Structures are given as C-alpha cells and as structure tokens.
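I've put the structures underneath this note.
You will see two complexes here that share chain A, one where it goes with chain B and one where it goes with chain C.
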Partner chain A sequence: MTLSRRSLLTTTAAGASLPLFGRRARAQAATIKIGVLNDQSGPYRDTGGTSSVAAVQMAVDEFASKGFKVEVISADHQNKPDLGTQIASQWYDRDGVDVIMDVPTSSVGLAVAGVAKAKNKLHLNIGSATAELTNGACAPSVIHYIYDTYMLAKSTGGATVKSGGDSWFFITADYAFGKQLQADTSAMVLASGGKVAGSVAYPFPGTTDFSSFLLQAQASGAKVLGLANAGGDTVNSVKQAKEFGITIRIATMLMFITDVHALGLDVAQGLTLTESFYWDMNDKTRAFTKRFLPRSPNNYPNMIHAGNYSAALHFLKAVTDMGLPAAKASGAAIADRMKAMPVVDDAFQGSIRKDGRGMFPAYLFQVKKPSESKGKWDYYNQLQTTSAEDAYKPLSASTCSYIKA
Partner chain B sequence: MFMILGYPAPLMFGQLLLGLINGAFYALLSLGLAVIFGMLNIVNFAHGALFMLGAFVAWGLLNFLGVNYWFALLLAPLIVGVFGVLLEKTLIARLYKLDHLYGLLLTFGLALIIEGLARNEFGSSGVPYPIPSLLQGATNLGFMFMPIYRGWVVLASAIMCLITWLIIEKTSIGATLRAATENAPLVQAFGINVPRMITLTYAGGVALAAFAGVLAAPIYSVNPNMGANFIITVFAVVVIGGMGSILGSIVTGFGLGVIEGLTKVFYPQGSSVVIFVVMVIVLLVRPAGLFGKAA
Partner chain C sequence: MFGFSRPQLIAFLVMVVLVAGAPFVLYPVFLMKVLCFALFACAFNLLIGYVGLLSFGHAAYFGMGGYVAGYAAKAWGFTPELAIIAGTLAGGALGAAFGWLAIRRQGIYFAMITLALGQMAYFFCLQAPFTGGEDGIQQIPRGNLFGMISLKSDLAMYAVVAVVFLFGFLLVHRIVHSPFGQILKAIRENEPRATSLGYRTDSYKLVAFIISCALAGLAGGTKSLVFGIATLTDVHNAMSGEVVLMTLLGGLGTIFGPVMGALISTAMENYLAQAGAWVTVIQGVIFVTCVLAFRKGVIGVLAERLKIQL
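Presenting the complex of A and B:
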C-alpha cells in the first residue's frame, strides 16, 4: 500500500485528536474542514501546489466567520489517480473533510470526482482541465470552477484558426487531460474548416526531451503545432522548439503565467494563451494580488491560485447561508446553494451553471516582448474576451446525465 | 524523397542523432554508477540527486559568483566530488560489510532528502541556465537543424567516457584500483591506502554525475526533478551493460539512447518502457548483462 508521508501525518493527527468527551465532540462538529489535494512535488507544483493552499487559507482568513471554525489541510497526490482516490476516501470518511479542493491532473480529478459522487460529498475542482468533469463524469456534488478543455479550444484554438492557422499537428500528454484537450481542439479546428495533419502522444509523467516529437511536427508540414500538455512539459517543449529552430507556429493550448515566468519573456514572447484571470487586469485583481503575494512570495497568482481563493470564499458564503448542519449533511445540497448564489469577489465575478460548470469569461492573452514589459511579472497583453456563454459547451450539447433527469 | 521504413530519411537521421545526444547522458551517468558499483559494491541511488546538484552548483556559480560555464564544468564536479567524499566518509563507509540492501536504502534516502531540499528552495519549474555564447545557435545539417550545444554534449561526453576508460584500464592507478576490488587485504599489504582509494573512487564517480549535470543545465530547465527523471533509465542501462562493466555502460548508454529515439517515431507512447523491455530480454538471455562476467 502506498501512503504519502503527508496523508500519514494527517491521519495520525486526526486519530490523536479523536473526541474524548462530549464538549470536545460538539466543538469539532462546529468546524468546517477544507482539504486541498494537489501536486506538491511534480511538474504541476508551481501552477497549483502550495500557492493554491495559501490561496484557500487566505480566503478562510478574510472570511468573516459566522459562528463556525474553518480548518484547512492539504496533501500531495503525486499525479497518481490511485493515491488521489485513497486520500480522498480517507479525508471524506475518517477525517471529516467537508470539501476537497483544487485537484489538478485530469486523471486524478476524475478519480476524486468519482469518490465525491459516490459519497455525496462536495468537490470543487479548480486545477483539472478535462471538460468531462461537467459532461460524462458530472455529478450533483461536483463543481468545475474556472476553465476546461472546451473553453481553451474555443478561445486559443478558435483565434489561431481565424488568423490562418488551419492545419494542425498535436504533441499530446498521453493521459485523460491531453487526449481530451486534443479531441476538443481537433473538433474546433475541423468545425472551422481546418484539418489535423497528425499527432504524437508521449508518456506522462517523466518525459523531458521533446526534440524528437518537435522534429516530427516540423516534418508533417502542418502550419500550427498544438501543445496539448501543461506545466513543466509545456515549458520544455517551447524551450526546445526554439533551440531546434522549429519554425511552425506554436499554440500553447494550456499555459499559465507561472509557465511564462519559468520560460522567460525572451523565449515566450509572442505566444498566445488563455486564462480566466490575470493579476494586472483591474484594480480588484491588483488588490487581490497585493494581499496574496506575502503568502506566496515566489509565485504571482495564476487562474488556478485565484480560482482556489474564489471557490473557497464562495463555498464559505454558501455554508453560512444555509447553516452548518444542512451544509454538512449533503454535498449536492451545498453545491445547489452555491449554484443559486452569484460569485462576487476580487478575483472572479460570475455564476455556476446547473451542471456544475463555473461561468466566467475567458481571456486570450499574448505574451509581451521583453521591451514591452515594464516590471516584475508584467507579461500579458489582452487580445480578446470570450463571454462565458460562448466559451463553454452549451447545455444543449452536454452529455451530463443528471441535468436531463 | 528517400525513405527508411516508410519514414522520410531526414526525419530518421534526425532521430538517430537525437538518440545519440540522450545516449550521451545515459553513458556518462551509467559510467559513474558502474565505477562506483565495480569498486565499492554500492548501488548508488543518490546518483540522480548528485547529477541535479551538479546543475544547481553551476547555476549558483553563475548567478552568485559570476563564474561562467567553462569554469563551472571544472568547478561543479570538484565541489560535488568533495561533497561525495563527505558522504562516503561519514555514511557510506559504514556499510561495506553489510548487505547491498543497506547501501541501496541509505543512498535512496539521501536522494530523497537532497531532492526535497532543492524542491523547497527552488520549486518544481526550475531555474533557467543560458547556453554559453560560444555554443549558441545551430547549424543546418541538411536533414535537420542541429543545435551546436547538443553536438558539444555528445563530444564532451564521448571524451569523458574515453578518459575514464583509459584511466581504469590502462594506467597503473587503474590497475591498483582493479586489484583492490579483487583482493583488498593483499593490495593493502603492498602499502597502498585502500580506504582512501575507495573514497576517491566514490568522489570520482560522483564528479562524473555532476559533470553530466552541468552539461544538462542549458538543455533542460535546472530543476529538482531532473535527476529523478533519468535515474531509473540509467539503472536499466547499467543492468543491461553488466553491473560494474565500464565499457558495457558506455556502449549500452549510447545504444539505448538510439533505440529510445527510434521508438519515439514508431510508437511514441512506448518510449518510456522500451528500455525496460530490452532489459527483460537481456536478463533472460544473458543474466550477467551484455558485457558482464558471470559471477
């Protein structure tokens, strides 16, 4: 059996603090427990990781508590679905966790959503990309907050095709996320009259050398190289494309500001990408960032960090609204309450649709030239905005079963 | 266009070359492992972490002291080598009389600690290290665009492998080393300080890992996981070549790099397992490895 050190610690700590007498037990019941489950040691550490935990903690600290305590715990799922399932079950069943948040890496996200569905517990997914979370794998107690593969395909893919990039070659991370992103983007390209010249799927995680795949892309004669990967893999792909003089246009289908930072503007300049949050967008996002940075000094917030903050805050508002006993009783009930309330905070303004899809605008950005950047992390020019209704798969095309019942 | 197995020839030549480049790293790393295993009988699982440490030392030298790539290529192996002496003297030396398993556990633990510390300090995205100005750019080979730096990696690695092989097989120091492996008390009776020799051998093997780390720094982002990504493959290379065989690890390192490169064309999904498939086959047919002597 594999047990991460952290989950072992959590379990031991929970065991040690078992209620010994009645008063203690009542005090425990008046606590909301949030579990943040993500990659804290691998390729997706900087896109989520400890900065996501800090963002959730910040929401908790800023939330004016209405008579209950809030506790945040976290664990590293190491991008392994089996480990994610195990920690999720333990958290929900034994440790009294009321909501599991973040969970990047679509394969793990889908697994944890399955656990949440079976136990009728709340899962707020922020980090995973796959649109399956609100389609085939949807559940009444699962909310997918700030982005998905469909929206990335629509925003980045759509804009690329429109500007003449009509034949594509994909380099794809060979797991749930990469495949879904490739499928959604291919559908988008084909629907706009373009074609897909070919693709390679590489083993994830563990691939660091992409030069071979880049040469295959070059040889295919396609106009656009679609990178259906994320995090450290995207960084390595873009870096090596420059090194090998790859001349075809690169579409980074999923890229975060933290990746741009790792690449440096010299290499990243000119790339287009989609996020639903940028720290330097308006006064509210800047104010949010100013409060966030002391908690995460090396990482400016990307959409996942900001999304974790917003989702935690929205969740706590819903708990206050419906009362603690009702909130603890059913994951679906609290999800319904969150869907009924508008999302309003410094990072996001929007709503949550009945299938659990967070509805926020998608912004297409272009990475600045080094000469255009005026300061630390001044990286993006905004190119276009896609409204939430246009960015996400319409309900009429949804394959989610419970909303049809 | 000239085709090989249904693929355009330029693409295939490109893949062969890329395979050689990756093979260069496999060869350097497995060489260090083979030297250490051959002389110390220790399976050094900390090798990947020390490779990573070499890259970070080069990065630190550049960013804090302004030491350039070429000096780092000399200094980083020395610094990591000294660290290796420390490890050997304080920890590893206590395990020679015990079962292999203890050495494995100790070095594996060390790797986890070193990588964990680096991750806390630097995050997982890593830090950039520029290609030295002399080796920037690329040349057009006709069938592919060849980054000059990658060519240098193959050359530097081949030279380093050759030097190591010559030292161990053709010099008197190497002869003493090999004799000490066979029968340490006898060599000691000739007035040679065997424990010190073993310490220096470990330091040498570790320095090879650091050298590879510096070579890798401009290619991959310098990050805490860079060693962990390589190490399992490198162990397979050592096993295929024959545990402790110097020549075996060099030849197998380059050879498997090429096999892996070709797999990336024919069946990319399998590129991470192909080396282990080869390992299974080799172990079935020649349990001591391609170049190993049966015990």
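Presenting the complex of A and C:
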C-alpha cells in the first residue's frame, strides 16, 4: 500500500479539525456523581477495595432520592500518590465528580485532600489513617470519617501499656501513615511512662518478607512489638511472626476484621485491636450487615466498608437538605452542612467536628480463641469503649489552621 | 529554518497547530502529561537515535529534575521558571557525573552501567529526607510565572508546558542537524572511524549525554509543577523502561517518533484505566504487535511509506 503525501495531509487536517465541532459530553446538572478511589489490587484491596464501592452503592440504593440521580464510579489508585492526584484532578475537573470517597493509603489520601482543597471540592476520607488530614493538612472541604492514628494509639496503645507492655519496638511501613502511627503511638507510650526500644521502617508497597525485621524486634528485648502497618502487610507480619516462633507480644496498631479473617483465628487469637465498627455489635449493625452481604459475598463489613456506607448516606442527606445547586457550587458548603447534621444510620451514630473529624466511639476488641467462636466471622470480644471525645485529639491541641480563623 | 526539510516543516507546523488547538478539545492536564513525556522521549531519542547509546537509567534524570524543581518551588519559593531551570540543571549535573563514568564502556556494558547508576539514584531518592520517601513531595505550588502571571488555571499552565516542549523539541532538532549532530551520527555509525578522523568521540558522547539528561530534567521538572507532586514513580526503573518503549513505538531516530510514542503510550494508560488489571496485558500485546509489525515505529514506517524523512 502506498499513501500519497497529499491525500495523507488532507486526511490528517480534516481529522484534526473534526473534534473542534463536537462538544464533549458534560455531566448532567441533575446528577450527583460519587467517585470511589481506592486500592483494588494491592495490599489494601480487602480492607477497602470493591467492597467499599459496594457499600457506597448500597447507600445510594437505599437513599430515597429526591429529585436527582446519583451515579457511582470507581478507580484503582495502586497506592501511588501521583496516580491518585491525576485521577482526582481529572474526576473533579472533567468528569463532574462531586465527591471523592474512601482513598486509603495515607500518602494518596493526603495528595487527594490537597487536590480537593485547591479546587474547593468535597473529599470524604474513610480509608486513610493519618491524623494529619484533620491537622496540618486539614481543609474546609475535607472530612476524615471513622478513625485516625491518634485514636488507634490512644485505644490500642493505651490499653497495651496499661496491661504491662511498657517497652516497645516498632516495625513501620515507611510512608505517611506508618510514620504518623508510630509517632502517635510512641507519644502515647512515653506519656504513660513506657519507653521505645527501637524501630525499623520497611519500603511500602512491595515488602512481603518481614523475617529480618521480626528477628530484630525479638533481639531488641522489648516487651511489645508494635506493627505500624495495615492490610496485607499486617497479615504477613503476624503470620511470619507465628512461623518464626516470635514470642514477644504483638500489638497490631491497625487491623480490620477482614485481616483477622485472612489470618484465621488460630494465628490471630488473643490479638487486641481497635475498630469503630463491629458487625455483631447490636441489632442495627447486624441489620446493616445482613443487607450488605449479598453485595459483598466474600467480606463481612469492617469499619471502612461501614464508614463508606455511612458517609455516602450522610452526604446524600446533606445534599438533599441544602439543594443540588448549592451543593454543586462549593465543597466547603456541603462539608459545613454535613458537620451541622447529626450522623444517624444503622452503622454509625455521632457527629462531625468543625475540623472535619468524624466523632464516633472507638472500641477495643480482642480476637476470640477458635473454641469461643460460634459462627462465621464471630471473631471479637469487646474489651472497652473509648468515647469520641477521649479517643480523638482535642480541638485545643489541633494544628488545623482554618478552624482558628 | 532549524534545518527542517520541507515535509518536516509541514509536519512541524501541523504539530504546532495541534498542540495549540488540543486543549480546547481534550483535557489539558492529560495533554500536559503527554507533552512532558514527549519531551522526555525526545531527550532519550537524542541519545539512542543519534548517538546510538542505550541508557537504561534515564528515569534518574527525569525524576531528579522533578524532585529538585518541586523542592525549589515548595521549600525555597522559586518562581516556576526558576524551579524548572533548577530541575534542568539538576538533571544535567547528575548526567555529567553519571555520563562521565558510563561512556567509558560501550553497548550492553554502557546500558548496564546506566541501569546500575539509575538504581542508585532511585535508592538515594527513597532515603534522602528532602524527597519525602514514599509520600513524595506533595502540593508543589504552580506559582506565578516571572512572579506575575498566575499558573493556577490549567490553560495558563498548558501554555507554559507547550512552550517548554516546543523549545526542547526544536533544540533537539537543531542539535541533530548541526555539525555537532553530524559528528554524533558519525559516532553512531562507526566510532573507530570517527576517532581516526581526529574526533575525540568521548567528549562528544559526554556532551550529548549531558544535554539529553538536562532535557530529561527539564521534562521532569515541568511535570512535577503540572501535577503538584514529585514521587518515586518518576525515578523508578519502570519509567526508564517506559521511555524506551515510547521511543521504540514512535520510531527510533526519527524526530517526530518520540512525540507520537509518548502520545500513544500515555493515551493507552489513560483511556484503558477502566480495564483494571488487564491494562498491562493489553499494553503488552500492543507493544509486541508494534515491534513485530512496525519495526521502525509508527512514524518510522510512515516516513518509509511516504519516502520522506520525519
């Protein structure tokens, strides 16, 4: 085949001019678009992942829509901050997304919060742990919903020190979340009279072999091994600790029921952990779980799944309350409305503080022995409850700038 | 002008028109990404296409440019043009150090040395405090051009990126068609012969290497300002591989090839994102097909069909 130069030029020119006449499709004004951005293929795929998308979709389906349509889209950020930034900008700017939800992996969460802040768009963070989201990196249009590193340190860390675990060694995921969790837990340990014997940071994501870190922890002589990591990394470290016969007490600073399920009760029994939701807590949570399971057959809901449901529902209530045009106009305005309304649904009851901190009680659980577990996913004994006011950093100590103005 | 042949001039003008018109049709941030990668690929092509040096660690200069530009803009409050220049200089300086070592060997050994040095740069970026490790440098301000023009809007930023890209593109083209470029090509064809003609080939190779690295730093610095973030992704050796693929896909040793390759590769990544885990499989199939069917790359095959140089 030979192309003549002239015909090629005319075709190219025609082709180039063509798109100028077609206008690209814009999101319709009467639609609210929710974007769920999370890890769907890496270490956090089970703690959030497609089950979070299902939870948001469930909230949308249960919400009796009042005059507007709701659309849910999702994407995988692969735990890369740059990819998260790109998707977030594109969703807000081009695809007409009104709110980005979930966003686990604190480094990505902080990046997306930055985009939301710059564009005055709403970001409901459920999956990230770092307390920075409501401190140094806080923004009027960002809400951090169900947990943070401060609350984990206070609940799990405080209880561990109280029961005699007063010298710690940390194995830390080397990024925003792990560092923040280690810092908050260390502060808690030191404040209660304990000490930190040492720490080691490993590259995230991509580390699967924790043996050398575990042996280092064993050799340090500390009484408690604090795991400042999450998801698949926590599962791997606990499993390997068991295989290597590591005898020191392990404090899993962030663990979800989905991780306990992955480990199995044989390995996980006796671990203490903090979540702000447990499916078998009361009639409401059980009712929620019953509705949720057909949508996510492999995962019972953990606090992130339940948090996504609750946040989406609360968001839609706020939008209905203030009207669609006002909600579309400003992310900070919707956030303010959400802060003004109490959160009431089957999964969570509480409120949102003015710095964007969701205020819900933190529950300390101990994983049951295999003999105690009566049924599927019957995993937790509740040890103690920390009220929201005690669990989270008080406003007076907050480094968030806009609440002081 | 600039040593363009007539078809090249026409193609160049078409490209300028497309670059100028595209942001009104397509999403400007996507286009800026394409232009940054296109510049990066052009820089890489200068080495492999015209000097015959295959560098497997080019992400180091690209990423370092990004980090330095980002850090300068964020921590030192540099204006964007100064930040980008700082990134360019960082790329060039790193290139001078690495190149000085690497050009002492040829062929596969050269590639291996650049790969090893690239990995060293990666670990440096992972550990150095100013890069922010896995978090990267986030929320880099775009700032005001010359301290006056705000680049907050995507179109304003796009104009800057377009100018930077066209500058880099013309520079590469000018270098290739200069007497200096002729010597580079002579080295590519037959280095001992170039030596026997009295040229100090090592010096020529080093200068070409430094220019290529500085341009990679320019591309990286611009990219970090566009997205407001500089991360390990840009220094990782996967990025070095990606730029090789872009150049191969578009056409090695053609002036427009790298631009086309960057466009194809970035568009694939962008528009196939919905396919989830299948993206990499689809990309793999497309690359294998391209390498089998168009050995000279898209632009290379096109130029051959039209019997012109592009």
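Just so we're on the same page, the second predicted complex is superposed on the first by the 378 of 405 C-alpha atoms of A that agree within 3 Å, B and C clash if a C-alpha of one lies under 4 Å from a C-alpha of the other, contacts with A are read in each partner's own complex, and residues count from 1 in each chain.
Just so we're on the same page, a contact is a pair of C-beta atoms (placed from the backbone, for glycine too) under 8 Å apart; a residue touches a chain by one contact, two chains touch by 3 or more.
Please read all numbers here as calculations on a predicted model, not as lab measurements.
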item: Partner chain(s) touched by A:Gln216 [first = chain B, second = chain C, both, neither]; value: first
item: Touched partner set for A:Lys80, first chain B, second chain C, both or neither; value: second
item: Which of chain B and chain C A:Gly264 touches, first, second, both or neither; value: first
item: Touching partner for A:Tyr202 - first (chain B), second (chain C), both, neither; value: first
item: Partner chain in contact with A:Tyr175 - chain B first, chain C second, else both or neither; value: second
item: Touched partner set for A:Ser107, first chain B, second chain C, both or neither; value: second
item: Contacts of A:Gly157 with chain B and chain C, given as first, second, both or neither; value: neither
item: Partner chain in contact with A:Arg94 - chain B first, chain C second, else both or neither; value: second
item: Which of chain B and chain C A:Ser41 touches, first, second, both or neither; value: both
item: Residues of chain A contacting chain B in one complex and chain C in the other; value: 41, 174, 203
item: Sites on chain C touched by chain A in the complex; value: 7, 10, 14, 17-18, 21, 24-27, 29-30, 33, 126, 133-136, 138-139, 154, 227-229, 231, 233-234, 273-274, 276-277, 305-306, 308
item: Touching residues on chain A, where the partner in the complex is chain C; value: 1-3, 5, 8-9, 12-13, 16, 19-20, 24, 40-41, 75-76, 80-83, 85-87, 89-90, 93-94, 107, 110-111, 114-115, 118, 174-176, 203-204
item: Of all residues in chain A, those that touch chain B in their complex; value: 41-46, 49, 174, 200-203, 206-209, 211-213, 215-216, 219, 231-232, 235-236, 239-240, 243-246, 258-259, 261-264, 298-299
item: Contact set on chain B toward chain A in their complex; value: 8, 10-11, 14-15, 18, 21-22, 116, 119, 123-126, 128, 138, 144-145, 147, 149-150, 219-221, 223, 225-226, 229, 261, 264-265, 268-273
